[in-house]
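Quick one: this structure, given as structure tokens, is what I'll be asking you about.
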Amino acid sequence: MQLLACSGIHKRFPSTGTQALAGADFFLEKGEVHALVGENGAGKSTLARVVCGLLEPDAGTLSVDGRPVRFRSHRDAERSGIGLVPQHSMLAPGLTVAENLALGHEPRRGLAFFDGRRAVYEAAMLADRFGFSVPPDARVSDLGPSGRREAEILRAVARGSRVLVLDEPTSILSEEESSRLFALIRRLKDAGTGIVYISHRAREILELADRVTVLRDGRTLATVGARQLDECSLAELIIPTGACASEGGSRGSAAEPVLEFRGAMTAGGAGLDLTVRSGEIVGVAALEGNSLDELEDLAAGVTVPGARQLFLRGRELHGDGRDAAARREVAYLPTDREGRGLSARSPARDNLLASRLRGYSPRAYAGRKRPREDAAGLAAAFGIRGDLSRPADALSGGNRQRLVAARELDGRPGLVIAANPAQGLDPAARASVFRRLLELREQGSAVLLLSQDPLDLAELADRSFILYRGRLSPIPPEGLQEGRLSSLLTGAFA
Amino acid sequence: MSQFASVLSQLFPGLVPILAAALGGLATEYVGVLNIALEGLIMAGGFSYVAVGSAWGPEAGFVAALAVPAAIAWLQDLYARKARADAFVVGLSVNLLVPGLASLLSQLLFGTKGVVADPSLASARLPRLLPGLPVLGPLFGLQRLSDWLALSVAFLAAAVLAWTPFGLRARAAGMNPESLELAGVRPGRIRGQAYLLSGLACGASGAALAAAIGAWVPNLSAGRGWIALVAVYLGAKRLGGTLLASLAFALLLALANAAQALHSLPADLIAAAPFAVTAVVVVAGAFLRRAKRPAVPAGGGNRAGRPPA
Amino acid sequence: MKRETGDLEPLAPVPPSRNVEALRRLGLSAGLSALLVAVLAFLASSDPGSTLAGFFLSPFRARNAVPSMLEAAAPLAICALGALLAFKAGHFSLGGEGQLYAGAFMAAAAGAAVVPGPAGFLAAVLAGMAGGALVAAPAAAGKRWADADVLLTSFLVSQVALYTVDWAIGGPFRDTGNNLVAMPAIPAPSLLPRIMSPSTLTPAPLVALALAVGLWFFMSRTREGTMLSLYGRNPLFARLQGFPVGTLSWLPIVAGGAAHGLAGAFLALGSNGTAVRGMSGGLGWSAIGVTLIAGNEPLAVPFAALLFAWLDLGARQAAIISDLPPDAAMIVKALVIMAATARPLLRRLGGIMRGGRP
Amino acid sequence: MKRTLVALAAVAALLASCQGRTPARDLASVAVFVPGVASGSPIYEMLVAGAEKAVAGIPGARLKVIEGGYDQSTWLDKLRDIAASGEFDLLVTSNPALPELCAKIAADWPELRFFIADGYLEGNPAIHTVLYNQAEQGYLVGYLAALVTMDRNPGGPLVAGLVAAQRYPTLDRLIQPGFEAGLKAVDPGFRLEYREIGNWYDANKAAELARSVFDAGARVILPIAGGAGLGVVSAATELDRSVVWFDGAGYQLGPDTVVGCATLAQDRLVEERVKALLEGKRLFGTADIVGAADGYVGFDPGGPAYAALPAELRLRFETAIQDLREGKPDFTLTGF
């Protein structure tokens, strides 16, 4: 009998209009490690949240030990023995590890008092049992990434998990920490726990998993025994278009340096050195958790770089209001389209024209005719459908994506920072965005391409780098040609 | 020496209402919301004490003084959550609503919008417990029963925040509501309970004020709710800090009263001092925090409590 | 804890345009006010009939009541427009009360000091605006240089200003010959001209109206206004677009302060003829209510201000004719503000009123 | 649609009928404006009572009492509303601050007439005022306060307290000097401890200030603080000290605490003057000052705490009252 069975799960988020799950099936046996893989946005995390009772599905059935269940909260799932190690921390940062573990099941002393000492004792016992080194009385905000992850795992197993869902558990862990985690997972598995393991890292999956279920566009594509797979075929399963077939040629290095990192520090590691010149596309690839987001924040000016570490056309960037003029020649397609690319409650038209507001004379702007025409023209060129006078968040998700691309990739920016440019786009839109990036390169723009998807690099980049555990290493041309991107990304070359 | 003793003896009655209300403010800060309605809730407590107390005696009055503001605060939060109204704006409305309602009810019940005096509601002084002592005598002796009662409620609120599972959950809700979701606790419920506690503590503050003079006086709280709120922020939204800040303000106000004997400083300027001090502390604190943490988006980070724009 | 501000709510159906929504909000606020007044009249008054007459007829019937109502709405609207500008830029400034009071104080001081006539008037207006801006300045500077919470700092500085002006009016600047705690009278030639004596009407409502139109134009027809509202809703976005976020982080706060100062100056230059202790009298708070009821639409502000002015006047008239306590206005205002921020409720009600199903 | 039209027509008719009302020629309709709250405030209660009695004596006269609340900055608007309502011919009120405000209203509404007790304004043809000689009232309670202090604490510090809401000219020029004169008439060594609350409502702060005055050695306090004065009484009750009261009827606030209570014959004054005005006496434009000599400032000996004072003390005090009536000391005011 299956320990956990999900069939025909549907989940739609009305706020963004995305259909995250559209008939996903997933079956977990006792004592198996079952990997859940798929592209970003394939629905892995949503399915995990449904399994753990954090989301209620719109349709579909869940059953545990063959009995149908309905989870209204995580507590219900917990009663069925399902624990979650979420991708993003769900710990209260100001509380101690022990307090976080106790939350919702606080040991009491006297009539109503929280027994902090017993909580620490229980947490210590638990940590001891699993060989964890995290101090139970440490504040979570004082812990490093591995300490936090250990705390998350402890919380998940504290209620005696029969099913443990791990969502990208190693993304912020070092090699050694990861292997400790794997040992723990094996021990849990031997004790009969069923483990749902969500990861991008092919090597880990092949090392750990018994079976692999592939999600694509919210549907289950296939469930395969892990022994039938190698790294390449697994990568193929995850990302459909043949990685091996892609070709990327390096071009002769172009003229003027536009964006320069000179030993810029990220939290994850050593200083980064990188130069992007006009007329070239420099690609950096990484999986989640490998400081790609930090690199994006630095390049885009969201975070403040150290002194004399970041330069645009030879001028130092400070990462604050002083850069306003410099920012205007930078086109930025952020990963977080909603948070950084839109002022979502403002009208779509204002969002669309934000980068070119200065181009209008006060009179022309007040007359509204030209801005309206320009906006309509842009919308038509990039296929944005919807009422432009309504707030941007009234547009559908895809149209919002296109809106950001339309604004940023129009005109002749000196520097383009494209972070995960294809994310959330349908093939046609993806193709048009890519075409536009290549055009911009031909026009002399410098393009920094940051992506979690190696295919983007293969298709666009003149030079490619891999960011792994805070270090930037060039990808040799054969790395792209031989179709070994996935192994590159999972650290084989790093 | 006698001046010193005088300041000390005034410290306690001045401290109790501010401390209780500040703990009320802290309760909702724990769950991450600013309860701007402390002032209104104190008035609700004071009016309930007199309105119910004059009919059924001071004991019933005290219970009502706790129950009514607690209910108002709870409803205030319930409305804000269910109607998706801005919690802050709802709090502002409560500050308008309570004095209006008190005046209306006062007119209906007592036939006046003004002072409602009932000497039987004036709290008795406790017997002088430690007669001979110069410092402890005035501090601990000769104080009102109502002040001690209100202080116990304040202490209870502090204990709930510091030592119970609820306090833990409230803090977790304020830091990361998702942590409660995993714990199977509804953050909304915790928030409601925090508001309830907030109202309770403010009610104690109002009861202490009304019992000290045995009357309802319009505008009874006279800005103490705002000072309490300021104490919470000056105390960095922590229990110990809030206690200390409340104490500091009570001391400042007692000193200001004593200083009037010297005719040196105008009362209005002294009243402005806590706000000025706190403004400086808030800005300096923000500046230091920003200096310490350079990687914060400059010009970003709007406060969560924005108006519905 | 995540704040459940109403506007985060994703809407399945297409939301109505802002203008329609502002209109609907205004209409519903007015309707709700009327309903609440009626309820209160029956609950709290021994003579509901004349109470209702006082509320609904007197403000329109009594001699010159309508012009006086316009006059009362003017400072309210000007303050609300100032608050609105700051809100639009994402700064929830709570300092209105102190800014207004400081404006009145400075205007009275300047108006009494400068030669009577247009020069005195101009000096008073400018001094008033400077006073309001001055009280707003610390919060603006705190936001600009330290990213300090405007909500808190503006309130704190406003309290300091309230007490300080109380002291100044009651102390060094007091007209000692007057039993009212007030400053020396501003000479009549420096005051706002009275248009329809004996009503209090002055050109102030026209100024308010012009400011409303001006702010509407600024917000919807200028590049700077567009930048300001994009910044207000997402400061990070604005910074990444290269907007002048440094300026946007403080100037709207100071400008809002100046508007409050202007309203204060008008109070002093109107029928009062000087600054009186306690003059702000909750006007700054009411203005926030007006802004909310106007749904942050500049053109709706004058109407929302009129609604509040009517509530005040109606309650006073009802108190004269009947026995309803004037605090009824406060209760109604509080409840209307509360209701005005509840978006889903508003929409559902709007749906019902259109004849549709909720 | 039809119904709306009918309703509109009804409203229009109503409005028309109201417009058609002819204004009364004689003074018949009286508005009493209470700048504060009547209940609990003896002087305003007497204002209302006096006006009611006067109106009751005149056939056809009507009366309406309107409370203005303590916020002085709103009084002008409220007065204007009363004038604008067109319902009233005579506005009766009582407070030193009112003459200036009423003069502003009179400028805009020339047909409205005003009578203001406890205020002073001469020469405005629409306004009649009568000022109480508050210095005499202050003298009386000061004299009693000094006697009580020396009786309660023989050989103790010669200190008495005055806790005021805020400073205003009548306080500065009449009440406080009168009170000090009363103290010093008993013993020139007396010292006054003055404290200011800052508003008329914070009774708790008043109590704290009163305590600081008692701690400074005072035995008796005079509160001039409106609703906040209650705080002084409660502090005195707790500490077993005393209070002297102003403007009458203070005994019931603290039967054991309020040792004496100066009175104003406000009810009599208001009744007399309103009646005279309604009967057509041409008093407008004049300003009178009344005091102890004509019996408008006096003392209420009817309190239990007063009765409990030593007989010789009372005798000495009553002699002082008699002397004051006869002009010793002389507080004669010719204007204000």
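For clarity, chains are labelled A, B, C and D in written order, and residue numbers in each chain start from 1.
Note that in this section a contact is a pair of C-beta atoms (placed from the backbone, for glycine too) under 8 Å apart; a residue touches a chain by one contact, two chains touch by 3 or more.
Being a predicted model, the structure only gives us computed values, none of them experimental.
A.B. asks: Looking at C-D and B-C, which one has the bigger number of contacting C-beta pairs?
C.D. replies: Looking at contacts between chains, B-C has the larger number.
A.B. asks: Centroid from C-alpha atoms only, then distance subunit A to subunit D, rounded to Å. What do you get?
C.D. replies: Those two chain centres are 75 Å apart.
A.B. asks: Starting from the mean Cα coordinates of subunit C and subunit D, work out the distance between those two points in Å.
C.D. replies: Here the centre of subunit D sits 35 Å away from the centre of subunit C.
A.B. asks: So, what's the distance in Å between the C-alpha centres of subunit C and subunit B?
C.D. replies: For subunit B versus subunit C, the centre distance works out to 28 Å.
A.B. asks: Roughly how far is subunit A from subunit B, centre to centre by C-alpha average, rounded to an integer in Å?
C.D. replies: Spacing between the chain centres: roughly 44 Å.
A.B. asks: Mark out which residues of subunit C touch at least two other chains, giving numbers and ranges.
C.D. replies: Subunit C, residues with two or more chain partners: 7, 166, 170, 229, 233, 236, 238-239, 245-246, 249.
A.B. asks: Where does subunit B touch two or more other chains at once, residue-wise?
C.D. replies: 113, 268, 271, 296-299, 309
A.B. asks: Quick check on subunit D: which residues sit in contact with 2+ other chains?
C.D. replies: Counting only residues that touch two or more other chains, subunit D contributes 67, 69, 198.
A.B. asks: On the basis of the stated criterion, which chains touch which? Give every pair.
C.D. replies: Touching chain pairs, listed by label, are A-B, A-C, B-C, B-D, C-D.
A.B. asks: For a test of understanding, state which residues of subunit B touch subunit D in their complex under the given definition.
C.D. replies: Interface residues on the subunit B side: 2-3, 5-6, 9-10, 13-14, 17, 110-117, 119, 122, 125, 144, 209, 212-215, 217-220, 222, 253-254, 257-258, 260-261, 263, 267-268, 271.
A.B. asks: For subunit A, which residues are in contact with subunit B within the complex?
C.D. replies: So the residues of subunit A touching subunit B come out as 54, 73-76, 78, 84, 86, 89-95, 99-100, 102-106, 108, 112-114, 155, 297, 302-304, 319-321, 345.
A.B. asks: Could you please specify the touching residues of subunit C with respect to subunit D in the complex?
C.D. replies: 57-58, 60-65, 68, 72, 166, 170, 176-181, 197-200, 271-273, 276-279, 281, 313, 316-317, 319-321, 326
A.B. asks: Quick one: in the complex, what on subunit A touches subunit C?
C.D. replies: Per the stated touch rule, the residues are 14-16, 300-302, 320-321, 323-328, 330, 332, 334, 339-346, 350-351, 353-355, 357-358, 360, 362, 365-366, 368, 387, 389-391, 393-394.
A.B. asks: For the complex, give me every residue of subunit C touching subunit A.
C.D. replies: The contact residues of subunit C facing subunit A are 7, 10-12, 14-15, 17, 217, 221-223, 226-227, 229-231, 233-234, 236-246, 249.
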